[in-house]
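Below, chain A partners chain B and then partners chain C, in two separate complexes.
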Partner chain A sequence: MFKRLVLCSSFLFLALLLVVSATPSANAADTIKIGLSAPLTGDWAEYGNDFKRSVTMVFDAANKAGGIDGKQLELVILDSRGDPKESVLIAEKFVANPDIIAEIGDFSSSSCMAAAPVYEKANMVQLSPTSSHMDFTKKGKNMFRVVTTQGIEGPFNARWAVKDLGKKRIATVYINNDWGVDANKYFVEEAEKLGAEILTQEAFVPGEKDFTAILTKIKRLKPDLVYLPAFYADAAAILNQAKRMHFKTTVMAPGSLFSEKTIELGGQAVEGILVAANYFSTDPRPAAQAFNKAYQAAYGKKPNMFAALAYDAAGLMVAALKVPGVDSRAKVRPALEGLKGYNGATGSISYANGHDPQKELLKITIKDGKWVVYNR
Partner chain B sequence: MPTFIRTLLANLPHIALLALALILPAIIKNQYHLQVVIFIGIYAILVLSLNLLNGYVGLLSIGHAAFYGIGAYASAKLMMEAGLNFPLAMSGAGLISAGFGYLLAKPTLKLSGIYLTLATLGFNMILFLVLQSWMRFTNGPLGIMSIPAPSVFGWEITEKVDYYYLILFLVVMTLFSMQRLLKCRFGRALLAIREDQLAAEAMGVHAARYKTQAFVLAAFYAGIAGSFYAHFVKFISPDSFYINESFILLAMLALGGQGNLIGPVVGAAILILVPEIFRSLQEYRMIVYGSVLVIMMLVRRQGLLGGKAYSLRLSYFDKKKEKEYIRGDKFLPEEQG
Partner chain C sequence: MFEQLINGLTQGSVYALLALGFTLIFGTLRMVTFAHGEIYMIGAYVGFEMIRLFAPSFVLAIMAALVITAILGVVVEILAFHFLRDAPHVTSLLVTIGISILLINLTQLIWGPETKSIPYALLDKLDYGEFEVWGVYITYLQIAVLTVTVLLMAFLYLLINRTKLGMVIRATAQDYEAAYAMGVNVNVVFSTAFAIGSMLGGVAGVLIGVYYNLFYPTMGQLYGLKAFSASVVGGLMSLPGSVVAGLLIGVVETFAVELGASSMRHMVSFLFMILILLIRPGGLFGGRELIQARGD
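Moving on, here comes the complex of A and B:
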């Protein structure tokens, strides 16, 4: 009896969900549809939801301001779970729907790159806010990104460390994923070119908790500076363990560490770390301030770098669609390439000389438990 | 009635099913739907190979994605660097994967129960770390890109439809070869070991050898599936072969039911379809996925088609008619009326 009850009610429930999920959307003729592929569940759910919040916010604002040529923007959001296989399926789904004319996403480089051939074949723009793999934009002529690549960030940091700060003995500790490997490589190449000595390059596996072996080795080498391409949870753990070992040195990291969480988890141990950020919440530039205000008004919390990058991606998309005559897949790419000096929350973006934006980075540091602009 | 017609009639359901599968691309015009069907094919092979261990021998392997990954990397490497053609690369991938299966099976099959299970889990974790860290060979977390599209004896496989027919061929071959294998002494020996290893050994079944053979075979099939995946998605990175993948395979097997050849295919189809159908629910769709599994465990613990033998009998090959039955899986509680 119980079994039958469970069975019946669950089937009813599933059927109901099916109806809900299959409900057709508004009249297609008056809308422009854009796909968003993001990891709303799984390990990167937090970042995927940042994407969703920012992009929804930009599209809502554009719709309130009258839409594009009187047409409303409609966002089709699908969850990729951060799985490359799923992002390929999403790409097929977007491409099979003739109403969708461009795509924003995905979060991780592997998801973006697995899906890239599908978008390229359909001649549909794939605008990723965060894919930082150097080869992503080489996968085709429709691949764009908003984040600066490690090919730019790494050398920028190397010049800062070696030329400006005069550090000559450098050790690196990096996370062994697609992003960390590139981040380490481009920093090391430039630093060596500038005459610094790279004492050691230590990789750690994502999810590692105990860094004492790596730290003991590095402490013995007595570096002037440690370069730390990692995310905040790992970086905070590394620096806390270093502090316990009484190992003190200058620490520099890419923009990935800019987050309130770094301070929350790192406490005293993260004081004074040097970061070159894509985006900084008290950035005085007006576009960044406008974004901060809008985001806090809409969601009541401070945005992070990923939200800012997604905000710019959505902004770029809206700007490209506003170019007169952009009404089909093939026309979005030239429109994006034609945007000159788009003023985003993460700096000025233009795709005229390639699909990797060249943005100025902001030097920031942590002082008295707060992120502040770095000045000597 | 001539025997020829009688065999034809007996095989009618299979023939009808195969015919439907053959004309499916004509019915499904949407490329996305075809892609979903192709993924069902890949997972059907994987779950069938896992079923060989979990369902037929009663070894609980929870690291099956390792062999899937070995197959994918081996095939990509063989084709891109050794310059082999696709059929050779695919068979090579299967053989290399089978080789690893042997290396893992040889020392670990002396273990039993939970210890063997842990060894398979450990193997998967180690493989993931090796793929992740061996920069020079596997390109580490950056993965291998631009894997060439397959071509089989002049048949260039570029479109979804071509891939569909290739995976259909592979699934049919897997089902057919497994069916033949399980019908002969080998299959009966596996069942005997699963039901009672001591009794089987007393009857002259060399348990350790059969278990190793089953392990090697399962690894071979998984390697073939991995090879197809690599040339289909054209980009592989270690993320795709993490233990999560093994658990998904286990869930499919548990849902479909183990110990026969139909259950795994049905399980794979359902667990690929459910998240796809509910994709527009965004973050809530995984709740549906989870509840399908929970409901299954509440209502039908042995899986949808578990605990029974379904005939995939091809009368042409099986002249003798015999009733086969399998006692319930010994790991599952007896069904209460």
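Moving on, here comes the complex of A and C:
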């Protein structure tokens, strides 16, 4: 009995020793720590590593330029594996470490939303580059995002279609899931407000491949624009079947179609579709070009949209920390909210009117089998 | 309306083509296979690779798909039915579900989970043109799918009812133990029926795969289910019944969309099937079976 007690307590002692030795010994006063929660392994490893590359790049540059008020930035990276349960554990670790004053991440909306209550309770900023679910920023006052939501993208596209292009007869074909229903709703609401007539709104179930019946119906209504909240395989099928029916009209879609796969699967049929994107590699805006150059110099490859969004998240964080007097968790949130017109690679970002940024999206289209910037 | 009818018939001929395979297999083995949709998928992928790697030719793609799916059909028969001849039917049914999941996962391993398509430079060479009727454009590929379906139905009907092989198949279906006692090699008969049924799936895979030009691992699931339903509605053992039911389901679906239920098309088509089965429990052509049911 006594032996066992000794054994147990010695194990406990060893464990305690490990915990003590694991806590950072560096002097907390010369560094500012930021946590990064991202899927570095698993299905979304590619995106998680995009995050890691971009954020590391921004922090290194900031440190080289003298850090923040003489203090060096330090990134604490943990792998969430794309698992919401894991991101909650990471959040608890970050919150338990008093040196970490804010967090960047995670990648998917479900991971972000699962971890949000932990950050909210600790009053720590959670800045996700990519979480686009409408409810994410409603989880608390410390949740921010860089990507635009359908609540922004839909109305932006509606204004483009109705005001700029003068389209008045509009039909929509959307995928019947959470995302598609939202994407369709926000577009239709704004388009109707602007005086366009919505001829029909056709939903299809995910996995549907035959759109001839829907298209025959729409063709008869003679719309001058079709809005397509869908993914590339659906859009390629829809537009190829439309082409086969000799049905030609202007087609507009959310950024979900901005992928090389759209061109690969769609061929001739996707020529000329209009898409609003967060980021595009030949975006002429100077901030985007600066990011492009820096990323290619550092990693020798072209950045994608996820890298650009993470780059902006890191840039926003650095800008907030540079605000005088920001030295604790509670002060990061007002500092972020105070930033006006932060000039990022994915557009101008402000959080004054809520934590969903209102950005000027980039208008792009497909011309001769390539994505190009749209010029009217 | 005319255009929607054409749409419905095209869609329906896919169901019909697949339903023929189900009907043939059920007609001979009195067993249902849930791997048929996946055999259709494998046929499509074989056609895809043939066209992509060798030549944009339907003949080559279909020949290759016929060989591969016939072999696959025999393998399914041996795994799910041969060793389980005396086991309860549900055992074989479960094994075919297992095989179907296995095939989907294997396809994901080999080709990846994402949607593939034949490059358009090659696909254009497969384009046999189109013609216009009353403002509706009909491609020759659509006509080919419908024609192949009807021809195969006729061919199978003659094979079963007018040839010696057909007689052996019918005898085995009625009572395989008695057929065995009469000197029929029932294992060969079962394998042959499975091979032919699977070849029908393979042909359907190539034609439909090229028609939509979208290839993905789960492409057989919904079509497999619809085709099985078409086969049941058609009377399960009637070849003309499965074709008529397949076409009918396609047309009903299309008109469901036309009348304002685009996201409910599958619900409407299954409701329609339930309705038919309530009115005629034996299916549309239930009274006139291809092969008489066993007396037990």
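Rule of thumb we're sticking to: the second predicted complex is superposed on the first by the 231 of 376 C-alpha atoms of A that agree within 3 Å, B and C clash if a C-alpha of one lies under 4 Å from a C-alpha of the other, contacts with A are read in each partner's own complex, and residues count from 1 in each chain.
In this text, contacts are C-beta pairs under 8 Å (C-beta built on N, C-alpha and C of every residue); 3 or more make two chains touch, one makes a residue touch a chain.
This one's a predicted model, so the numbers in the text were calculated from it and none came from an experiment.
Chemist: Just to be sure I read the superposition right, which of the two partners does A:V95 touch: chain B = first, chain C = second, or both, or neither?
Modeler: first
Chemist: Touching A:T56 in the superposition: chain B (first), chain C (second), both, neither?
Modeler: In the superposition, A:T56 contacts neither chain B nor chain C.
Chemist: Just chain B (first), just chain C (second), both, or neither: which does A:S110 touch?
Modeler: first
Chemist: After superposing on the shared chain, does chain C or chain B touch more chain A residues?
Modeler: B
Chemist: Just checking: does A:T31 make contact with chain B only, chain C only, both, or neither of them? Give me first, second, both or neither.
Modeler: In the superposed model, A:T31 contacts neither chain B nor chain C.
Chemist: So in the superposed three-chain picture, is A:E202 touching just chain B, just chain C, both, or none of them (first/second/both/neither)?
Modeler: A:E202 sits against chain C, while chain B stays out of touch.
Chemist: With both complexes superposed on chain A, which partner does A:N176 reach: first (chain B), second (chain C), both or neither?
Modeler: So A:N176 meets both chain B and chain C here.
Chemist: Which of the two partners, first being chain B and second being chain C, lies in contact with A:T365: first, second, both, or neither?
Modeler: In the superposition, A:T365 touches no partner, neither chain B nor chain C.
Chemist: Could you give the residue numbers on chain A that contact chain B in one complex and chain C in the other?
Modeler: 176, 203, 205
Chemist: Quick check: in the complex, which residue numbers of chain A touch chain C?
Modeler: 176, 202-205, 207, 209-210, 212-214, 216-217, 232-233, 236-237, 240, 244-246, 261, 264-265, 267-268
Chemist: What residues on chain C touch chain A, complex-wise?
Modeler: 3-4, 7-8, 10-11, 114-115, 117, 119-120, 123, 130, 137, 139, 212-214, 216, 218-219, 222, 253-255, 257-258, 262-263, 265-266
Chemist: For the complex, which residues does chain A have touching chain B?
Modeler: Spelled out, the residues of chain A in touch with chain B are 3, 6-7, 10, 13-14, 17-18, 20-22, 40-41, 45, 49, 52, 76-79, 81, 83-85, 88-90, 92-93, 95-96, 110, 113-114, 117, 133, 135, 139, 176-178, 180-182, 203, 205.
Chemist: Can you tell me which positions in chain B touch chain A when the two form their complex?
Modeler: Per the stated touch rule, the residues are 30-33, 35-36, 39, 129, 132-133, 135, 140-143, 145, 233-235, 237, 239-240, 276-283, 285-286, 288, 291-292, 295, 298-299.
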